[in-house]
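Heads up, there are several structures right after this.
Note that chain A is present in both complexes that follow, paired respectively with chain B and with chain C.
Then we have the complex of A and B:
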């Protein structure tokens, strides 16, 4: 448990001091919102509302790729990753610490990008704020768990920036489907979609257990 | 070698028998000759699932035992699985064009099959881009196990969608008409036999390549 808290606090503290990942993810997310605004059309009609949740979650997902690419980059400096690998502790808790800090980062970005989206496209998120934040939290956990595992792999390959999205995006489809389904249901029907939430929860659980158990093989030298 | 020879001879016997049975099979009254693509499409899908399942199983064995041979089995199964999945994605749209009038629809089953194909292509890319072979084996084993999650979702996609899909339902006992069961079963047997032959061939090539690399290093 100590390992988990130490890694979590370390990553959050580094991120708080530099804000490099957070800033680049946020700027990228806002840029995507602007480009979508031009691509979708200047006015948002009734028909377009149905695919706005999909665009929103695409923006959040692509911004998350930026943050996940940098997740282990700091550990590569001064060979700190070897220090992590040699630490006399359960590697699963190292993974939990890194994934949790990444999930917090992704969640805060998702909230800010959603705010920009709601302002740009005239969406009303305030009356569905708590269920929507719950959806963002669940989706962030799913993206962060698998993203941290694969980021740990790809950081030691020759084409890290290309390989991480190629590995991650297909496996994040269940999380994306759940998030988009839940958001669509909240925006259009003003109610929670149980099927979408179940898909999110099951995906998160499967990916969390898988990543916790297999992270030690990723960290090995 | 015995495995390679056995599956090679079995495939050589089964392929002509299968082709003959497909030729002799009755033509469907509604779909016409296009219905015969079923005898290729479904067996290839089963072979692809088998390939990806074996990739995950031998990947898990490799992580548990650290034996190089398990990695060779996993990687070879992924390669052959990707080949068969590619055949599924090619044969399906040919049938779809003849029956639905268009090559592709973003139906859940079709989309998940494409996703499965992309996942295991990514597996092969991961192996290619990871320089160190032992590290490539470990990383791809983890990724192969992660990809397994999509297979049951793909197989039960039609049930999960409550039957509201364009893709035909999974075959059950009485799904096939009279005279169609034999070519279908021969198709499955041939696909599996060809799968095992190609798998054995790829494993022997990988082992030979590994021995050559070891000799170069020493």
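Then we have the complex of A and C:
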């Protein structure tokens, strides 16, 4: 458990100093929102409201891919990943630390992109703020969990930028379905979709347990 | 396995079709000071990565003293201090922060104090708060050595520790390693080096590797292993 906190603090401290991941994710996310703004149009009709959540989560997911690609990049500089692999601790906790720091970054990024999106498309998220933040948190955990595992698996390959989305996106379908379903329900019906939230919670739990158990082999040569 | 710290039995390593290390057995006991010598691409670094627990052998297994198989790899990692070709340090953190981070992972009680002590021993106190990314390669190498020594490992695995060090830094490191070897007879040192006389000053036995094959050279003669090295290289090349 201690290892988890040590890795989490280290990753957040490095991110605070460099701001490399967060800035690139945010800039990319905002650019995607701007492109959608011009492609879809300003006025939000009732018909458009149905596909707005899909667009929002596409923007968040694309921005997240940038962050996930960089998740293990800092461990590759000076072969710091070997230093982590040498630590006499359960490697599952190393995974938890890295996944948590990524989840925090993804969540903050999702909140900022959602704010830009709501301003651009004239959506009011204020009256659904808490359930929406809960949806963002659950989706961020799911994306970060699986993303960290696959980022660790592909970081030593020469085509990480291509391999990561190809491997990751099909497996993230349950998380995206849950996030889009919950957001649609919140925006249109102004109520929480239990079915979507349940899908998010179950997929998060399954991915978390599987990733925790398999990460041992990701750090091995 | 009373005095044996690491017992590797029939370990080998293949990378796809390429064989980096042919099957070999090696015992590292308390007080051992072993030099691993050989030409480039001989499998020296691969052997050290296997012994450190960083790499899983393709065949064979590694045992440590008093451990069962289930906890083996974690325990192996706990007793070794490893220095590879890279520094394993984070560029955005300072040397002291890097060492403190490692110390916490190893569960050392006062990692900051221990880190400051080691940086002082290696003449690095003036750099302790600078970002690692701004340091020269020689200084980086010394910080990496401090990191490897941090948890007072039972087995010190050093892959070309003198590479990139200036004369004075090399002298300080040699003195420190010699002091550790002599004051802690319960510990072992395994050193990969191309400097035969330097290795002979720190170790008393040598293993010669060539294209994954190995032979034991024994104690140095006339201050180094140059004669035994040439002989071993010729005989291993004939057998290939």
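Methods note: the second predicted complex is superposed on the first by the 220 of 221 C-alpha atoms of A that agree within 3 Å, B and C clash if a C-alpha of one lies under 4 Å from a C-alpha of the other, contacts with A are read in each partner's own complex, and residues count from 1 in each chain.
In the analysis below, contacts are C-beta pairs under 8 Å (C-beta built on N, C-alpha and C of every residue); 3 or more make two chains touch, one makes a residue touch a chain.
This one's a predicted model, so the numbers in the text were calculated from it and none came from an experiment.
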First (chain B), second (chain C), both or neither: which does A:6 touch? second
Answer with first, second, both or neither: which of chain B and chain C does A:89 touch in the superposed model? second
Is A:220 contacted by the first partner chain B, the second partner chain C, both or neither? both
First (chain B), second (chain C), both or neither touched by A:14: second
Using the touch definition from the top, say if A:78 reaches chain B (first), chain C (second), both or neither. second
Once the shared chain is lined up, is A:27 touching chain B (first), chain C (second), both, or neither of them? neither
Figure out whether A:129 sits in contact with chain B (first) or chain C (second), or with both, or with neither. neither
Both chain B and chain C touch chain A at residues 220
In the complex, go through chain B and note every residue touching chain A. 63, 115, 118-119, 122, 125-126, 129-131, 135, 138-139, 141-143, 145-147, 149-150, 153
Parts of chain A lying in touch with chain C, wherever the complex brings them together: 2-3, 6, 10, 13-14, 17-18, 74, 77-80, 82-90, 220-221
List of chain A residues in touch with chain B within their complex: 146, 149-150, 153, 156-159, 163, 166-167, 170-171, 173-174, 206-207, 210, 214, 217-218, 220
Per the touch rule above, chain C residues touching chain A in the complex are 49, 52-56, 74-75, 77-78, 80, 82, 84-93, 97, 101-102, 104-107, 132, 140, 147
